[in-house]
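I am attaching a structure below and will ask some questions about it afterwards.
Going by the order they are written in, the chains are A, B, C, D and E; count residues from 1 in each one.
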Amino acid sequence: MKMGRVIGSVVATRKDPSLEGVKFLVVEQLALDMEPEGGYVIAVDAVGAGLNDTVLFAGGSSARQTDVTRDRPVDAVIMAIIDSFDAYGKTTRLT
Amino acid sequence: MKMGRVIGSVVATRKDPSLEGVKFLVVEQLALDMEPEGGYVIAVDAVGAGLNDTVLFAGGSSARQTDVTRDRPVDAVIMAIIDSFDAYGKTTRLT
Amino acid sequence: MKMGRVIGSVVATRKDPSLEGVKFLVVEQLALDMEPEGGYVIAVDAVGAGLNDTVLFAGGSSARQTDVTRDRPVDAVIMAIIDSFDAYGKTTRLT
Amino acid sequence: MKMGRVIGSVVATRKDPSLEGVKFLVVEQLALDMEPEGGYVIAVDAVGAGLNDTVLFAGGSSARQTDVTRDRPVDAVIMAIIDSFDAYGKTTRLT
Amino acid sequence: MKMGRVIGSVVATRKDPSLEGVKFLVVEQLALDMEPEGGYVIAVDAVGAGLNDTVLFAGGSSARQTDVTRDRPVDAVIMAIIDSFDAYGKTTRLT
(Lines give C-alpha, C1' and ligand atoms only; values in the text may rest on other atoms or scores of the structure.)
Protein backbone atom coordinates (compact mmCIF):
# COMPACT_ATOMS: atom_id res chain seq x y z
CA MET A 1 0.00 0.00 0.00
CA LYS A 2 0.93 3.61 -0.35
CA MET A 3 -0.38 6.74 1.35
CA GLY A 4 -2.41 9.17 -0.71
CA ARG A 5 -4.63 12.24 -0.41
CA VAL A 6 -8.09 12.41 -1.99
CA ILE A 7 -8.05 15.47 -4.28
CA GLY A 8 -11.10 14.90 -6.47
CA SER A 9 -13.45 12.48 -8.22
CA VAL A 10 -14.34 11.17 -11.67
CA VAL A 11 -17.78 11.01 -13.33
CA ALA A 12 -18.27 8.32 -15.98
CA THR A 13 -21.73 7.32 -17.20
CA ARG A 14 -20.56 4.94 -19.96
CA LYS A 15 -18.74 2.12 -18.21
CA ASP A 16 -18.66 -1.60 -17.61
CA PRO A 17 -22.11 -2.52 -16.16
CA SER A 18 -20.51 -3.97 -13.01
CA LEU A 19 -19.29 -0.47 -12.10
CA GLU A 20 -22.77 1.03 -11.57
CA GLY A 21 -22.75 2.94 -8.29
CA VAL A 22 -19.01 2.67 -7.74
CA LYS A 23 -17.30 5.91 -6.63
CA PHE A 24 -14.04 6.79 -8.40
CA LEU A 25 -11.75 9.14 -6.47
CA VAL A 26 -8.62 10.95 -7.63
CA VAL A 27 -5.75 10.23 -5.23
CA GLU A 28 -2.37 11.91 -5.28
CA GLN A 29 0.43 9.74 -3.92
CA LEU A 30 2.19 11.07 -0.82
CA ALA A 31 5.75 10.72 0.43
CA LEU A 32 6.33 10.16 4.14
CA ASP A 33 6.72 13.94 4.66
CA MET A 34 3.15 14.32 3.31
CA GLU A 35 4.34 16.05 0.14
CA PRO A 36 2.95 14.80 -3.20
CA GLU A 37 5.23 12.30 -4.92
CA GLY A 38 4.14 13.51 -8.37
CA GLY A 39 1.87 10.64 -9.43
CA TYR A 40 -1.85 10.04 -9.12
CA VAL A 41 -4.20 7.09 -9.28
CA ILE A 42 -7.96 6.79 -9.78
CA ALA A 43 -9.11 4.47 -6.98
CA VAL A 44 -12.47 3.06 -5.98
CA ASP A 45 -13.64 4.14 -2.55
CA ALA A 46 -14.47 1.21 -0.23
CA VAL A 47 -14.52 3.11 3.09
CA GLY A 48 -16.45 6.36 2.63
CA ALA A 49 -13.39 8.56 2.08
CA GLY A 50 -13.92 12.27 1.37
CA LEU A 51 -12.04 15.17 -0.14
CA ASN A 52 -8.66 15.85 1.50
CA ASP A 53 -8.69 12.61 3.51
CA THR A 54 -5.33 10.90 3.82
CA VAL A 55 -5.84 7.28 2.85
CA LEU A 56 -4.21 3.93 2.23
CA PHE A 57 -4.77 2.44 -1.20
CA ALA A 58 -3.97 -1.01 -2.56
CA GLY A 59 -3.42 -2.06 -6.18
CA GLY A 60 -3.62 -5.06 -8.46
CA SER A 61 -5.82 -8.06 -7.69
CA SER A 62 -5.76 -7.00 -4.01
CA ALA A 63 -7.93 -4.05 -5.02
CA ARG A 64 -10.76 -6.51 -5.68
CA GLN A 65 -10.86 -7.98 -2.16
CA THR A 66 -13.59 -5.68 -0.80
CA ASP A 67 -17.38 -6.00 -1.07
CA VAL A 68 -17.45 -2.88 -3.24
CA THR A 69 -14.85 -4.08 -5.75
CA ARG A 70 -15.13 -7.89 -5.90
CA ASP A 71 -15.04 -9.31 -9.46
CA ARG A 72 -15.03 -5.80 -10.94
CA PRO A 73 -12.51 -4.37 -13.44
CA VAL A 74 -10.75 -2.02 -11.01
CA ASP A 75 -7.07 -2.10 -10.06
CA ALA A 76 -6.92 0.37 -7.16
CA VAL A 77 -9.00 0.68 -3.99
CA ILE A 78 -9.02 2.94 -0.95
CA MET A 79 -9.23 0.42 1.88
CA ALA A 80 -8.43 2.60 4.93
CA ILE A 81 -8.47 6.22 6.11
CA ILE A 82 -5.32 7.09 8.06
CA ASP A 83 -5.68 8.60 11.55
CA SER A 84 -1.95 8.95 12.21
CA PHE A 85 1.36 7.38 11.38
CA ASP A 86 4.88 7.18 12.77
CA ALA A 87 8.00 7.36 10.64
CA TYR A 88 11.57 7.89 11.82
CA GLY A 89 10.33 8.50 15.37
CA LYS A 90 7.99 11.36 14.39
CA THR A 91 4.20 11.07 14.72
CA THR A 92 1.90 12.78 12.20
CA ARG A 93 -1.78 13.13 13.25
CA LEU A 94 -4.29 13.56 10.45
CA THR A 95 -7.71 13.59 12.11
CA MET B 1 -6.76 3.15 -12.80
CA LYS B 2 -5.26 5.97 -14.77
CA MET B 3 -6.76 8.43 -17.21
CA GLY B 4 -5.87 8.13 -20.88
CA ARG B 5 -6.84 9.40 -24.33
CA VAL B 6 -7.58 7.05 -27.23
CA ILE B 7 -5.19 8.02 -30.03
CA GLY B 8 -5.35 5.02 -32.37
CA SER B 9 -5.82 1.31 -32.82
CA VAL B 10 -3.89 -1.89 -33.62
CA VAL B 11 -4.64 -4.49 -36.32
CA ALA B 12 -3.35 -8.02 -35.68
CA THR B 13 -4.62 -11.00 -37.64
CA ARG B 14 -2.23 -13.58 -36.14
CA LYS B 15 -3.07 -13.79 -32.47
CA ASP B 16 -4.21 -16.07 -29.69
CA PRO B 17 -7.56 -17.60 -30.84
CA SER B 18 -9.36 -16.21 -27.78
CA LEU B 19 -8.68 -12.69 -29.08
CA GLU B 20 -10.86 -12.98 -32.22
CA GLY B 21 -13.07 -9.90 -32.45
CA VAL B 22 -11.36 -8.03 -29.62
CA LYS B 23 -10.60 -4.35 -30.34
CA PHE B 24 -7.13 -3.10 -29.37
CA LEU B 25 -6.84 0.64 -28.85
CA VAL B 26 -3.74 2.79 -28.41
CA VAL B 27 -4.08 4.91 -25.26
CA GLU B 28 -1.74 7.68 -24.19
CA GLN B 29 -1.57 8.18 -20.45
CA LEU B 30 -2.72 11.58 -19.19
CA ALA B 31 -1.68 13.68 -16.22
CA LEU B 32 -4.37 15.52 -14.25
CA ASP B 33 -3.82 18.64 -16.40
CA MET B 34 -4.79 16.51 -19.44
CA GLU B 35 -1.27 16.63 -20.87
CA PRO B 36 0.29 13.33 -22.02
CA GLU B 37 2.51 11.74 -19.35
CA GLY B 38 4.81 10.26 -22.01
CA GLY B 39 3.76 6.61 -21.89
CA TYR B 40 1.22 4.57 -23.83
CA VAL B 41 -0.60 1.29 -23.41
CA ILE B 42 -2.47 -0.97 -25.83
CA ALA B 43 -5.78 -1.67 -24.11
CA VAL B 44 -8.81 -3.74 -25.01
CA ASP B 45 -11.99 -1.72 -25.42
CA ALA B 46 -14.87 -2.96 -23.22
CA VAL B 47 -17.14 0.08 -23.46
CA GLY B 48 -17.30 1.25 -27.09
CA ALA B 49 -14.65 3.95 -26.77
CA GLY B 50 -13.68 5.93 -29.86
CA LEU B 51 -10.84 8.09 -31.11
CA ASN B 52 -10.02 11.04 -28.81
CA ASP B 53 -12.23 9.79 -25.98
CA THR B 54 -10.82 10.33 -22.50
CA VAL B 55 -11.05 7.03 -20.69
CA LEU B 56 -10.26 5.11 -17.53
CA PHE B 57 -8.17 2.00 -17.99
CA ALA B 58 -7.29 -0.79 -15.56
CA GLY B 59 -4.32 -3.16 -15.66
CA GLY B 60 -3.22 -6.57 -14.48
CA SER B 61 -5.70 -9.33 -13.63
CA SER B 62 -8.34 -6.63 -13.12
CA ALA B 63 -8.27 -6.10 -16.88
CA ARG B 64 -9.88 -9.52 -17.27
CA GLN B 65 -12.99 -8.75 -15.19
CA THR B 66 -15.22 -7.70 -18.12
CA ASP B 67 -17.30 -9.87 -20.47
CA VAL B 68 -15.03 -8.85 -23.35
CA THR B 69 -11.77 -9.78 -21.63
CA ARG B 70 -12.55 -12.66 -19.26
CA ASP B 71 -9.97 -15.50 -19.39
CA ARG B 72 -8.12 -13.81 -22.26
CA PRO B 73 -4.42 -12.91 -22.40
CA VAL B 74 -4.82 -9.15 -22.05
CA ASP B 75 -3.42 -6.97 -19.28
CA ALA B 76 -5.14 -3.62 -19.92
CA VAL B 77 -8.79 -2.72 -20.47
CA ILE B 78 -10.76 0.47 -21.04
CA MET B 79 -13.59 0.08 -18.55
CA ALA B 80 -15.10 3.59 -18.53
CA ILE B 81 -15.37 6.76 -20.63
CA ILE B 82 -14.89 9.88 -18.53
CA ASP B 83 -17.54 12.63 -18.67
CA SER B 84 -15.82 14.97 -16.25
CA PHE B 85 -13.52 15.00 -13.26
CA ASP B 86 -12.59 17.26 -10.37
CA ALA B 87 -9.05 17.75 -9.13
CA TYR B 88 -7.78 20.43 -6.75
CA GLY B 89 -11.18 22.14 -6.85
CA LYS B 90 -11.23 22.53 -10.66
CA THR B 91 -13.79 20.71 -12.83
CA THR B 92 -12.81 19.48 -16.32
CA ARG B 93 -15.74 18.56 -18.65
CA LEU B 94 -14.92 16.20 -21.49
CA THR B 95 -18.24 15.49 -23.22
CA MET C 1 -0.08 -4.56 -23.56
CA LYS C 2 2.92 -2.89 -25.12
CA MET C 3 4.40 -3.14 -28.59
CA GLY C 4 7.76 -4.86 -28.99
CA ARG C 5 10.15 -6.23 -31.59
CA VAL C 6 11.54 -9.76 -31.44
CA ILE C 7 15.33 -9.40 -31.42
CA GLY C 8 16.49 -12.83 -30.26
CA SER C 9 15.86 -15.92 -28.17
CA VAL C 10 17.02 -17.68 -24.98
CA VAL C 11 18.20 -21.29 -24.57
CA ALA C 12 17.77 -22.82 -21.11
CA THR C 13 18.00 -26.58 -20.55
CA ARG C 14 17.73 -26.47 -16.74
CA LYS C 15 14.30 -25.11 -15.97
CA ASP C 16 11.02 -25.78 -14.26
CA PRO C 17 9.67 -29.05 -15.77
CA SER C 18 6.47 -27.32 -16.94
CA LEU C 19 8.57 -25.19 -19.30
CA GLU C 20 9.69 -28.08 -21.55
CA GLY C 21 9.16 -27.08 -25.17
CA VAL C 22 8.31 -23.46 -24.40
CA LYS C 23 10.02 -20.88 -26.64
CA PHE C 24 11.55 -17.84 -24.90
CA LEU C 25 12.01 -14.79 -27.11
CA VAL C 26 13.90 -11.58 -26.39
CA VAL C 27 11.63 -8.59 -27.02
CA GLU C 28 12.70 -4.95 -27.03
CA GLN C 29 9.96 -2.55 -26.06
CA LEU C 30 8.93 -0.04 -28.73
CA ALA C 31 7.60 3.50 -28.52
CA LEU C 32 4.82 4.57 -30.89
CA ASP C 33 7.44 5.89 -33.35
CA MET C 34 8.85 2.33 -33.53
CA GLU C 35 12.06 3.35 -31.74
CA PRO C 36 13.25 1.16 -28.85
CA GLU C 37 12.17 2.47 -25.44
CA GLY C 38 15.31 1.13 -23.80
CA GLY C 39 13.92 -1.89 -21.96
CA TYR C 40 13.56 -5.55 -22.85
CA VAL C 41 11.52 -8.51 -21.68
CA ILE C 42 11.91 -12.26 -22.15
CA ALA C 43 8.47 -13.42 -23.29
CA VAL C 44 7.00 -16.81 -24.17
CA ASP C 45 5.84 -17.10 -27.77
CA ALA C 46 2.19 -18.18 -28.09
CA VAL C 47 1.60 -17.23 -31.74
CA GLY C 48 4.59 -18.39 -33.82
CA ALA C 49 6.43 -15.06 -33.80
CA GLY C 50 9.80 -14.82 -35.54
CA LEU C 51 12.87 -12.60 -35.53
CA ASN C 52 12.10 -8.92 -36.25
CA ASP C 53 8.33 -9.37 -35.94
CA THR C 54 6.53 -6.49 -34.27
CA VAL C 55 4.34 -7.98 -31.57
CA LEU C 56 1.96 -7.31 -28.72
CA PHE C 57 2.95 -8.76 -25.37
CA ALA C 58 1.03 -9.03 -22.11
CA GLY C 59 2.39 -9.34 -18.59
CA GLY C 60 1.46 -10.62 -15.14
CA SER C 61 -1.19 -13.29 -14.61
CA SER C 62 -2.63 -12.37 -18.03
CA ALA C 63 0.48 -13.93 -19.56
CA ARG C 64 -0.82 -17.32 -18.40
CA GLN C 65 -4.14 -17.16 -20.30
CA THR C 66 -2.94 -19.01 -23.42
CA ASP C 67 -2.74 -22.76 -24.06
CA VAL C 68 1.05 -22.46 -24.21
CA THR C 69 1.45 -20.69 -20.89
CA ARG C 70 -1.41 -21.84 -18.66
CA ASP C 71 -0.35 -22.71 -15.07
CA ARG C 72 3.32 -22.13 -15.96
CA PRO C 73 5.78 -19.82 -14.17
CA VAL C 74 5.99 -17.19 -16.89
CA ASP C 75 5.05 -13.52 -16.57
CA ALA C 76 5.18 -12.31 -20.19
CA VAL C 77 3.63 -13.69 -23.37
CA ILE C 78 3.53 -12.68 -27.03
CA MET C 79 -0.18 -12.98 -27.81
CA ALA C 80 -0.39 -11.21 -31.19
CA ILE C 81 1.70 -10.20 -34.20
CA ILE C 82 0.94 -6.66 -35.34
CA ASP C 83 0.00 -6.05 -39.00
CA SER C 84 -0.44 -2.30 -38.69
CA PHE C 85 -1.43 0.37 -36.21
CA ASP C 86 -2.71 3.93 -36.22
CA ALA C 87 -1.52 6.61 -33.82
CA TYR C 88 -2.13 10.36 -34.04
CA GLY C 89 -3.72 9.91 -37.48
CA LYS C 90 -0.69 8.16 -39.01
CA THR C 91 -0.82 4.51 -40.14
CA THR C 92 2.24 2.27 -39.80
CA ARG C 93 2.17 -0.97 -41.84
CA LEU C 94 4.45 -3.76 -40.62
CA THR C 95 3.70 -6.75 -42.86
CA MET D 1 10.89 -9.68 -2.86
CA LYS D 2 12.90 -6.68 -1.79
CA MET D 3 14.74 -5.91 1.43
CA GLY D 4 13.36 -3.16 3.65
CA ARG D 5 13.68 -1.62 7.10
CA VAL D 6 10.72 -1.08 9.41
CA ILE D 7 10.68 2.64 10.24
CA GLY D 8 7.18 3.15 11.62
CA SER D 9 3.53 2.19 11.63
CA VAL D 10 0.10 3.43 10.54
CA VAL D 11 -3.09 3.79 12.61
CA ALA D 12 -6.38 3.61 10.73
CA THR D 13 -9.69 3.07 12.52
CA ARG D 14 -11.94 3.50 9.45
CA LYS D 15 -11.04 0.66 7.11
CA ASP D 16 -12.39 -2.36 5.28
CA PRO D 17 -13.90 -4.67 7.96
CA SER D 18 -11.57 -7.53 6.98
CA LEU D 19 -8.61 -5.44 8.16
CA GLU D 20 -9.60 -5.42 11.87
CA GLY D 21 -6.51 -6.30 13.91
CA VAL D 22 -4.10 -6.14 11.01
CA LYS D 23 -0.82 -4.28 11.72
CA PHE D 24 0.36 -1.83 9.05
CA LEU D 25 4.07 -1.05 9.10
CA VAL D 26 6.00 1.61 7.23
CA VAL D 27 8.91 0.02 5.37
CA GLU D 28 11.67 1.89 3.57
CA GLN D 29 13.19 -0.03 0.67
CA LEU D 30 16.88 -0.86 0.99
CA ALA D 31 19.63 -1.27 -1.58
CA LEU D 32 22.14 -4.09 -1.12
CA ASP D 33 24.49 -1.70 0.72
CA MET D 34 21.69 -1.21 3.29
CA GLU D 35 21.13 2.40 2.23
CA PRO D 36 17.53 3.52 1.58
CA GLU D 37 16.55 3.36 -2.09
CA GLY D 38 14.23 6.35 -1.72
CA GLY D 39 10.87 4.62 -1.77
CA TYR D 40 8.56 3.28 0.93
CA VAL D 41 5.70 0.86 1.18
CA ILE D 42 3.01 0.28 3.81
CA ALA D 43 3.08 -3.49 4.42
CA VAL D 44 1.08 -5.82 6.64
CA ASP D 45 3.16 -7.61 9.25
CA ALA D 46 2.82 -11.41 9.11
CA VAL D 47 5.85 -12.36 11.22
CA GLY D 48 5.98 -10.11 14.30
CA ALA D 49 8.44 -7.59 12.88
CA GLY D 50 9.43 -4.61 14.98
CA LEU D 51 10.91 -1.16 14.56
CA ASN D 52 14.29 -1.16 12.78
CA ASP D 53 14.05 -4.81 11.76
CA THR D 54 15.42 -5.59 8.31
CA VAL D 55 12.77 -7.58 6.50
CA LEU D 56 11.74 -9.22 3.26
CA PHE D 57 8.45 -8.04 1.81
CA ALA D 58 6.39 -9.40 -1.08
CA GLY D 59 3.85 -7.56 -3.23
CA GLY D 60 0.82 -8.17 -5.41
CA SER D 61 -1.38 -11.23 -5.00
CA SER D 62 1.55 -12.97 -3.30
CA ALA D 63 1.02 -10.62 -0.36
CA ARG D 64 -2.24 -12.45 0.35
CA GLN D 65 -0.69 -15.92 0.80
CA THR D 66 -0.31 -15.73 4.60
CA ASP D 67 -2.87 -16.50 7.32
CA VAL D 68 -2.84 -12.84 8.30
CA THR D 69 -3.55 -11.49 4.83
CA ARG D 70 -5.59 -14.12 3.00
CA ASP D 71 -8.56 -12.67 1.01
CA ARG D 72 -7.86 -9.19 2.37
CA PRO D 73 -7.35 -6.00 0.33
CA VAL D 74 -3.61 -5.65 0.98
CA ASP D 75 -0.86 -5.64 -1.65
CA ALA D 76 2.30 -5.85 0.48
CA VAL D 77 3.31 -8.18 3.31
CA ILE D 78 6.35 -8.67 5.50
CA MET D 79 6.90 -12.43 5.25
CA ALA D 80 10.41 -12.79 6.77
CA ILE D 81 12.88 -11.07 9.07
CA ILE D 82 16.42 -11.18 7.69
CA ASP D 83 19.22 -12.55 9.89
CA SER D 84 22.00 -12.05 7.36
CA PHE D 85 22.65 -11.94 3.66
CA ASP D 86 25.54 -12.36 1.25
CA ALA D 87 26.06 -10.19 -1.82
CA TYR D 88 29.18 -9.93 -3.97
CA GLY D 89 31.06 -12.15 -1.50
CA LYS D 90 30.39 -9.91 1.52
CA THR D 91 28.26 -11.09 4.47
CA THR D 92 26.03 -8.60 6.33
CA ARG D 93 24.76 -9.76 9.75
CA LEU D 94 21.65 -8.02 11.05
CA THR D 95 20.75 -9.78 14.30
CA MET E 1 10.83 -12.47 -17.42
CA LYS E 2 14.13 -10.70 -17.08
CA MET E 3 17.69 -11.99 -17.07
CA GLY E 4 19.65 -11.82 -13.83
CA ARG E 5 22.82 -13.01 -12.16
CA VAL E 6 22.84 -14.78 -8.78
CA ILE E 7 25.12 -12.71 -6.54
CA GLY E 8 24.24 -13.99 -3.06
CA SER E 9 21.62 -15.36 -0.69
CA VAL E 10 19.48 -14.40 2.29
CA VAL E 11 19.14 -16.16 5.66
CA ALA E 12 15.88 -15.65 7.55
CA THR E 13 14.86 -17.88 10.45
CA ARG E 14 11.72 -15.93 11.44
CA LYS E 15 9.37 -16.18 8.49
CA ASP E 16 5.96 -17.32 7.35
CA PRO E 17 5.74 -21.07 8.20
CA SER E 18 5.11 -21.98 4.55
CA LEU E 19 8.61 -20.72 3.72
CA GLU E 20 10.48 -23.42 5.69
CA GLY E 21 13.21 -24.85 3.48
CA VAL E 22 12.80 -22.29 0.71
CA LYS E 23 16.07 -20.84 -0.65
CA PHE E 24 16.18 -17.06 -1.15
CA LEU E 25 18.76 -15.83 -3.64
CA VAL E 26 19.93 -12.30 -4.36
CA VAL E 27 19.66 -11.61 -8.10
CA GLU E 28 20.98 -8.53 -9.87
CA GLN E 29 19.08 -7.61 -13.01
CA LEU E 30 21.05 -7.72 -16.25
CA ALA E 31 20.78 -5.73 -19.46
CA LEU E 32 21.22 -7.55 -22.78
CA ASP E 33 24.93 -6.66 -22.77
CA MET E 34 25.23 -8.61 -19.47
CA GLU E 35 25.90 -5.44 -17.48
CA PRO E 36 23.91 -4.90 -14.26
CA GLU E 37 20.85 -2.69 -14.77
CA GLY E 38 21.15 -1.30 -11.26
CA GLY E 39 18.30 -3.12 -9.51
CA TYR E 40 18.10 -6.35 -7.54
CA VAL E 41 15.41 -8.78 -6.48
CA ILE E 42 15.29 -11.50 -3.83
CA ALA E 43 13.95 -14.55 -5.67
CA VAL E 44 13.12 -18.09 -4.61
CA ASP E 45 15.21 -20.75 -6.34
CA ALA E 46 13.12 -23.41 -8.11
CA VAL E 47 15.84 -24.93 -10.30
CA GLY E 48 19.00 -25.41 -8.22
CA ALA E 49 20.70 -22.18 -9.29
CA GLY E 50 24.09 -21.33 -7.81
CA LEU E 51 26.31 -18.31 -7.31
CA ASN E 52 27.12 -16.45 -10.55
CA ASP E 53 24.58 -18.38 -12.62
CA THR E 54 22.75 -16.32 -15.22
CA VAL E 55 19.07 -17.00 -14.77
CA LEU E 56 15.56 -16.15 -15.86
CA PHE E 57 13.23 -14.96 -13.13
CA ALA E 58 9.49 -14.36 -13.17
CA GLY E 59 7.46 -12.08 -10.90
CA GLY E 60 3.97 -11.60 -9.53
CA SER E 61 1.49 -14.46 -9.27
CA SER E 62 3.49 -16.29 -11.96
CA ALA E 63 6.22 -16.73 -9.35
CA ARG E 64 3.89 -19.14 -7.52
CA GLN E 65 3.45 -21.60 -10.43
CA THR E 66 6.27 -23.98 -9.38
CA ASP E 67 6.18 -26.86 -6.90
CA VAL E 68 8.58 -24.93 -4.66
CA THR E 69 6.54 -21.75 -4.53
CA ARG E 70 2.88 -22.76 -4.90
CA ASP E 71 0.52 -20.95 -2.46
CA ARG E 72 3.48 -19.28 -0.73
CA PRO E 73 3.95 -15.55 -0.11
CA VAL E 74 6.73 -15.01 -2.65
CA ASP E 75 6.63 -12.70 -5.66
CA ALA E 76 9.79 -13.69 -7.58
CA VAL E 77 11.12 -17.06 -8.68
CA ILE E 78 14.13 -18.32 -10.61
CA MET E 79 12.50 -20.70 -13.10
CA ALA E 80 15.39 -21.33 -15.56
CA ILE E 81 19.16 -21.20 -15.85
CA ILE E 82 20.29 -19.65 -19.13
CA ASP E 83 22.74 -21.59 -21.35
CA SER E 84 22.95 -18.99 -24.09
CA PHE E 85 20.93 -16.27 -25.74
CA ASP E 86 20.86 -14.37 -29.02
CA ALA E 87 20.19 -10.65 -29.30
CA TYR E 88 20.71 -8.41 -32.32
CA GLY E 89 22.40 -11.30 -34.17
CA LYS E 90 25.04 -11.88 -31.47
CA THR E 91 25.18 -15.13 -29.45
CA THR E 92 26.27 -15.08 -25.79
CA ARG E 93 27.23 -18.46 -24.30
CA LEU E 94 27.06 -18.71 -20.52
CA THR E 95 27.83 -22.34 -19.68
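One rule holds for everything that comes next: contacts are C-beta pairs under 8 Å (C-beta built on N, C-alpha and C of every residue); 3 or more make two chains touch, one makes a residue touch a chain.
Quick caveat, the model's predicted, so the values are computed rather than measured.
Think of each touching pair as a link: the shortest run of links from chain B to chain D has 2 of them. Rotation angle for the C-alpha superposition of chain A on chain C: 145 degrees, rounded in steps of 5.
Note on chain placement: the centre of chain B and the centre of chain C lie 20 Å apart, centres being C-alpha means.
Per-chain CA centroids place chain C at a distance of 33 Å from chain D.
The residues of chain C that reach two or more other chains are 59-61, 63-64, listed in rising order.
Listing every chain once round the ring, from chain D with chain E next, yields D, E, C, B, A. Listed in rising order, the residues of chain D touching chain E in the complex are 1-3, 31-32, 46-48, 56, 58-66, 69, 77, 79-89.
Looking at the complex, you find that chain B touches chain C at residues 7-16, 18-19, 24, 26, 40-43, 59-61, 63-64, 71-76.
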